[in-house]
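Chains here go by letter, A, B, C and D, matching the order in which they are written, and residues are numbered from 1 within each.
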Amino acid sequence: TDEPSDTAAPEETAAAGEDPGAEGEEPEEETADGEFFVRADYDRQLAQRDVEPEGDPATPWLQAIEPEYVDTTEYAQDGNTLCFSNASVSNPWRVTGWITMQQQVEVLQQQGLIGEFRVSDAADDDNKQISDIQAFIDAGDCNAIIISPSTTATLTPAVEAACASGVPVIVFDRGVNTDCMVTFIHPIGGYAYGADGAEFLVENLEPGSTVLALRILPGVDVLENRWAAAQEIFADSELEILGDEFTGGDGAEIKNIVTQYLQRGEVDGIWMDAGDGAVAAVEAFEDTGNDYPVMVGEDELSFLRKWQETGMTAIAPVYSNFQWRTPILAATMIWAGEQVPSEWVLPQDPITEEDRDEFLERNADMPSLHYAKFGGEDLPGYPAAWQDR
Amino acid sequence: MTVTAPRPTPQRSAGSRAGDLLARVFGGGSATVFALLIVVFAAIFIVNPSFAEPPSLMAFLKQAAPLMILAIGQYFVIVSGEFDLSVGSLVGAQVVIAAALIDGEEGRTVPVILLMLGFGILVGLVNGLITTLLKVQSFITTLGMMLVLYGAIRLWTGGAPTGALSEAFRQPGRGGIDMAVVRQLPWALMILVGIVIIAVAVMRSSYGRTLVATGDNERAAGFSGVRVWRVRTLAFVISSVLATLAAILIGGYAGVTAQVGQGLEFTAITAVVLGGVVLGGGRGSVVAAMAGALTLEALFVLFNQLELPSTIRPAVQGVIIIAAVAYAARERARPRHHQEVPSQPQPNEA
Amino acid sequence: MTADPNPSGPGRTSTATTLLRMSGIEKSFLGVQVLHGVDLDLRAGEVHALIGENGAGKSTLMKILAGVYQADGGTVELDGRAVRFEHPLQAQQAGVSTVFQEFNLLPERTVAENVFLGREPRRNRLVDAGRMNADTAALLDDLGLTWLRPETRVRSLSVAGQQIVEIVKALSYDARIISMDEPTAALADEEVELLYRLIAKLKERGVAILYVSHRLKEIFDLSDRVTILKDGALVDTVATADITSDELVRKMVGRPISSFFPDKLPGTELGDVRLEIQGGGNEQLDGIDLRVRGGEIVALAGLQGSGRTEIAHALFGVDRFTRGTVRLDGRPLTARTPRQAVRAGLALVTEDRKGEGLVLNQSIAANARLVLDAVLPRRAGQRARKIPGILSSLELVSRGSSQEVRFLSGGNQQKVVLAKWLATEPKVIVLDEPTRGIDVGAKERVYTLMRELSAQGVAILMISSELPEVLGMADRIVVLRDGRIAGELTGGPGAIDEETVMALATGHEAEGTQS
Amino acid sequence: MSRAVAVAGTGRATRRRLGATELVWLALVAVAVIGAVLVAVDGQNLFSIANTRDMLSRSSLLGFVAIGQTLVILCRSLDLSVGYVMALSSLIAATTMNGDPARVPLAIGAVLLVAGAIGLCNGLIVTVLKVNPFIATLGVGLIIKGYLDTEYQGPAGDVPSSFQQFGFSRIGPVPVSTLVMLAVAVAGILFLRKTRTGYHMFAVGGSEDVARLSGVRTGRVLVTAHVLCSIAAGIAGLLIAARFGTGSALVYNSGYDLESIAAVVLGGTLLMGGRGGIGGTIAGVLILAVLDTVFNILAVDPFFKDVLRGTIIVAAVAIYARRQIDRKASRVRFGGDGGSGGSAPPEPRPDQPAPELAGGTR
């Protein structure tokens, strides 16, 4: 049952045009712009930012942008064992989401909609996640499998094997190169995220200003897409990109690098592919006695607080953390035979100076490594579950 | 070398002592690191003369201090013939502990720092006692400790750090005394200097001598009355305590992030070896180990100044480390250093 | 008990073919020249002794022959053809095999695996373990070593057993030249005899043997010619029959050694009992009763493995007595670590200098003050001031106290060990094989030191496998056998003969106890 | 003759010795039994076909790496570059195949060649340049990392389904990859027990000087071990490509370097070299796999797993060390060697060309 098939043939995905395109698309679709830049996806994501999502804005995790609903009656069933293969909980964003997900599960368990919730965590090891998924398939008693893949391309065969087992499969966050799953849930995506920050820098900096790009790791598709989009936008601007540096997301490393750049010359803006350690970057300016840069952070509270405190010019792009609730809800919908979007694109709005204070106020009691748009305020565990992790 | 006519061993003059010290610091495999350090600094100054300005140097030393402190701690363990792979995890754990327990409240700073020191001592004791009493190779002991700390801390905090550091906690790593010329004399630098002085003094004390002897030949040391288990365990405790101090500086310098400390153990060991300290114990000086750390940090700065693409930096770093260690190994095998020692009486006069 | 009469017989064939000729060999280490143009030739069927003080360069010369080191100058000719061995393998292939001074066995491997290391027999390109064991067994049987089994792990053998494996290994090469660097250093007389027999057999086969030993008796027993080295230079090569032992020593040391064992110093008195063991015992020892007075030298004699070192270790807290009591100056002593023993006033010069005595990569100074640093850290600095004096009184030859001890010769290394213990001003000093592998000059210095110490009232317990030394130095000899005291011989130097001691040690004759 | 007995030794040490390898397999059985009981309490069966498969397939990847690592550790070296070699190999395999089944042999050849070349570099740096293996392989790993980061911005290449079979198909409950791993293990065991080079690896690890003085070309042996180790890591890379369907640079973050060393040591091979073997390593790998599966079934928190793993590895090695303490090291000959256990893997060569010094010190 677990025979691998060749990864989705290029024609299929390419022909499907706008819908199955996820971040980290087939290499065949690659353009001259680089391995991680697919213009069609880029254009689509940028456009999706302006599309009004369907659904109630009060529950953004149930909203969908341009959904194409698929029929799920074939999966309707009474069984309610939910299996979740998690890539890891190795960073604060994932931890926040994971708590939200558990809270959501608890609610549904109390309602009797979900029975057992079985989780395996691959600790960022692709091979382990493949084994984990395999173990779910082999166990044979999962009524749905949720997968948060650790890497797009590498998990594809395993996801295909899961689909082939006949169980409804839900993929969220990072994608895979197949559309065999019932639904693929994700916020608009990396291009949009990267573009939000880059456009902000272009708008707020004088032509000729200098920008330093700080990145976490090379080779992670979600992150590479963000950078690809930023590069695309910077290329059309008159900003000077001083360099792009890998920091491992380590605050000390970030501060070292920024300090060294400041020591070499002026830095007017900072673009980051993820907000981890954004505060450390800002502090480097403070400690060396430089003016604050125009800053691209993330909706992590430490950054929002620093931003408010210093009053610098900044934006916090958001990679919607509330997406961790959606797959759970999707599973119950599928079991009930309700329609779900085949590609469930969730809204993803950056936090700007206007709504920053509102988010800060709402999350005033939350720890600093919490994400403002975590979307779990209505869950019964709020706020304690997120506060004392 | 051997002569039959008796000749007394000469008394050591003060000058010969100084000579000995110089020889010990710069001799053997350690010369390489000082040469490399000078070359790297020269290169940085050429690429970017403004780096030589005092404020820049101070900023550099501030960021280099934690690794240098870690290297000093690692030196104690390595020279005694062991490894400490747990320091990276320990640094991470300590920062997370600090953030979680202080939780932004200034008043808790000092008690929490004391608690962290206690925790550091405990970790060192466990490492040391498992290695010496249970006879588990330290590579494995500290590898286990690395896993345990990594897991336990995340288990405790649910995966990502929680809480926040206080301003006071951040001072040692971030702040300093504002003054002319250097702009700011970092606390980190002063702490570093203090630690170096203490470390040099310790290495010259009876404890330091027995430590090196233990690393050189554990059996002979034991037969000479050295309590090998105690000496080694203390080395692990020193390493853990210094890792704790490094954690205080790193946490102070950059705040909490989930990744803090990751991979520092390898960097620290590399630094120590780069300093000409021999893995397996018994050879090398603490000053050279520290110089190894400084060189490594300077190398990172140089890469940045040269605008080397960041992806290629590990490769260059790898080449330089291998080359430097290979060169030092050759140097050690060469006669020069054993004869250059000043004030050595010439052999064979009869 | 003496060994067989000279196995080579009187008629020495000086006309035999010259197998090997080394001429003008030069070698430097770290800029220090240790061989100055040494010449040496070996003839088929001869035993050629090589003697010289510690550090004279004997082992170095041998290692050049074995391909371990490469000469800086000079030539080596084998069968008239110039050869240059870059790797021990090449020497072996050319028919040169070597018993090295240092032990060369793998403890975790079996006897057979050690003997055939590097040339394991193969069938179909795979190692044939069965044949390897069979061949080893055949070899052992052939040599009359039936008690040694090929499958035994070397680690479980006694020291003497290991040394024998090493010799067997060298013999197994079917070599034309076998060089042996102090093969008897760890052997007792009985095994030495075995070696004599083996050497006789080899001679018959026309094998040339290069033999290094510090035991003059062996030189005269075995060798046909003897080459003397001094300070890395050739002094002379003579037929052994044409030289007396006094002459030999003079050539070796450069000065006559009048009386090898110094007399007691005037004023040496027997004091109170300083060390007393009553009924001491543990896994390897039983019923050990021993008393050493201040100013007295008591020797522990016995065969290899008879438990002498074990007594020293048990006293010193390396091992333990599980039964019995130990008193030092009347106070009970239960040392569970060397540190406690040192604190009580005990010192132990171990038999394994490099493994247990010295930290080789450290300086002379660091080694000499190691015990002070370890045991008396507070007073270490003050006490260490005496060390240079002690070192110079021991006539240490070095290039300054910052020299690393690994660059010293054996004798000088031993002096550093002695200095380290003297610095603690011990009440009782245990000397385990204090002259093992050191040259006559250094030996004499050690003997003198022992006399000086006893004149100061120090109690000395000496362990030695060299009977002449035991007889020459001890006031009393306690003979051990299988971990028990076999007898005690009193009478002081000159009053006891070797036969009595050996009889007790081997248990072959009636009891000769005189205590 | 009583004398002979004395010379032959007391025989104390030869009594009641259970081989290290047997002990590890016993430990495996114990872990499996305890695991099965815990799982049974949870109402499941650890040895169900699905779970057995899971355990076996989890073991194969680490198995390859650990087999290679065993060889270098036996030689008293170690290899910290295996993770990078795996990543590079997976990329070379996937990009060379590029979806074309016909290119599979070419890709396998390319991987083995490149991996072997890296091993050669490791070996030569250690033997010729006399760089401590810890630093040498760490450095080579960094160099490969630099290349990977620069050259590949993410997964690349495409593995045809025929080759993906290597990662996914099974014969009965046993995954093919596990069978291949076991075959490699058997080959490795035969190599160590039946070839001269294998014998010499124990000798080099036991004492390089002894080996050299006995006529062993120690450099070649060590280089061979490194080459074989890298090739084993290369095979692991192939398996990754088969399982991922593509090559992935990020594999180097998964910690296979330290984990493989842990597995080898857990398998009873002495970190100081000279004793141990692949049989034990396989048991070590299986122990880790059983633990993993049990933890998974019992849904143990992933971080708690780390804590348990760390504890178990240290505890196991402490138990092995216990067994060695009472076997006192031969006093004279082997000085501080072996049984003392406490010291770290020393650099395999003294810096001085002074073999005589090494006799008793380590």
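Criterion: a residue touches a chain if its C-beta (ideal position, glycine included) is under 8 Å from a C-beta of that chain, and two chains touch if they have at least 3 such contacts.
Molecules present, by chain and UniProt name: B = Autoinducer 2 import system permease protein LsrD; C = Sugar ABC transporter ATP-binding protein; D = ABC transporter permease.
Fair warning: this is a prediction, and the values are worked out from it, not measured in the lab.
*Asks:* Check A-B against B-D and say which one is joined by more contacting C-beta pairs.
*Replies:* Top pair by contacting C-beta pairs is B-D.
*Asks:* Indicate the whole-number Å distance between the mean C-alpha point of chain A and the mean C-alpha point of chain C.
*Replies:* Roughly 74 Å, centre to centre.
*Asks:* Would you kindly tell me how far, in whole Å, the mean C-alpha position of chain B lies from that of chain A?
*Replies:* Chain centres of chain A and chain B, defined by C-alpha means, are spaced 39 Å apart.
*Asks:* Using mean CA coordinates as chain centres, what's the gap between chain B and chain D (ABC transporter permease) in Å?
*Replies:* Computed from C-alpha means, the inter-chain centre distance equals 30 Å.
*Asks:* Would you mind pulling out the distance in Å between where the CA atoms of chain A average out and where those of chain D (ABC transporter permease) do?
*Replies:* Chain A and chain D (ABC transporter permease) have C-alpha centres separated by 37 Å.
*Asks:* Mark out which residues of chain C touch at least two other chains, giving numbers and ranges.
*Replies:* Expected reply: 29, 355-356, 360.
*Asks:* Any chance you could list the residues of chain A touching two or more other chains?
*Replies:* 89, 218, 246 - these are the residues of chain A that touch more than one other chain.
*Asks:* Two or more other chains touching the same residue: where does that happen in chain D (ABC transporter permease)?
*Replies:* Only 149, 301, 305, 335-336, 352-353, 361 qualify.
*Asks:* Quick one: which chain pairs are touching?
*Replies:* A-B, A-D, B-C, B-D, C-D
*Asks:* Inside the complex, what are the residues of chain D (ABC transporter permease) that reach chain C?
*Replies:* Listed in rising order, the residues are 1-14, 193-196, 198-200, 202-203, 206-207, 209-217, 274-275, 327, 329-338, 352-361.
*Asks:* Which stretch or stretches of chain C touch chain D (ABC transporter permease) in the complex?
*Replies:* Residues 29, 59, 63, 66, 68-69, 87-89, 92-93, 98, 100-109, 113, 117-120, 122, 125-127, 129, 146-148, 152-153, 155-162, 164, 169, 186, 190-191, 303-306, 309, 351-352, 354-356, 360, 406, 482, 506-507.
*Asks:* For a test of understanding, state which residues of chain B touch chain A in their complex under the given definition.
*Replies:* 48, 50-51, 55-56, 59, 63, 66, 157-164, 174, 183, 250, 253-260, 262-263, 300-301, 304-305, 307, 310-311
*Asks:* Help me check something: in the complex, which residues belonging to chain D (ABC transporter permease) touch chain A?
*Replies:* Interface residues on chain D (ABC transporter permease), with respect to chain A: 49-51, 53-54, 57-58, 61, 99, 148-149, 152-156, 158, 160-161, 164-165, 167-169, 240, 243-246, 248-251, 253-254, 292-293, 296, 299, 301-302, 305.
*Asks:* Within their complex, state which residues of chain A touch chain B.
*Replies:* Of all residues in chain A, those touching chain B are 89-92, 94-96, 98-99, 218, 243-246, 248-252, 254-257, 259-261, 263-264, 276-277, 279-280, 283, 287-289, 302, 367-369, 388-389.
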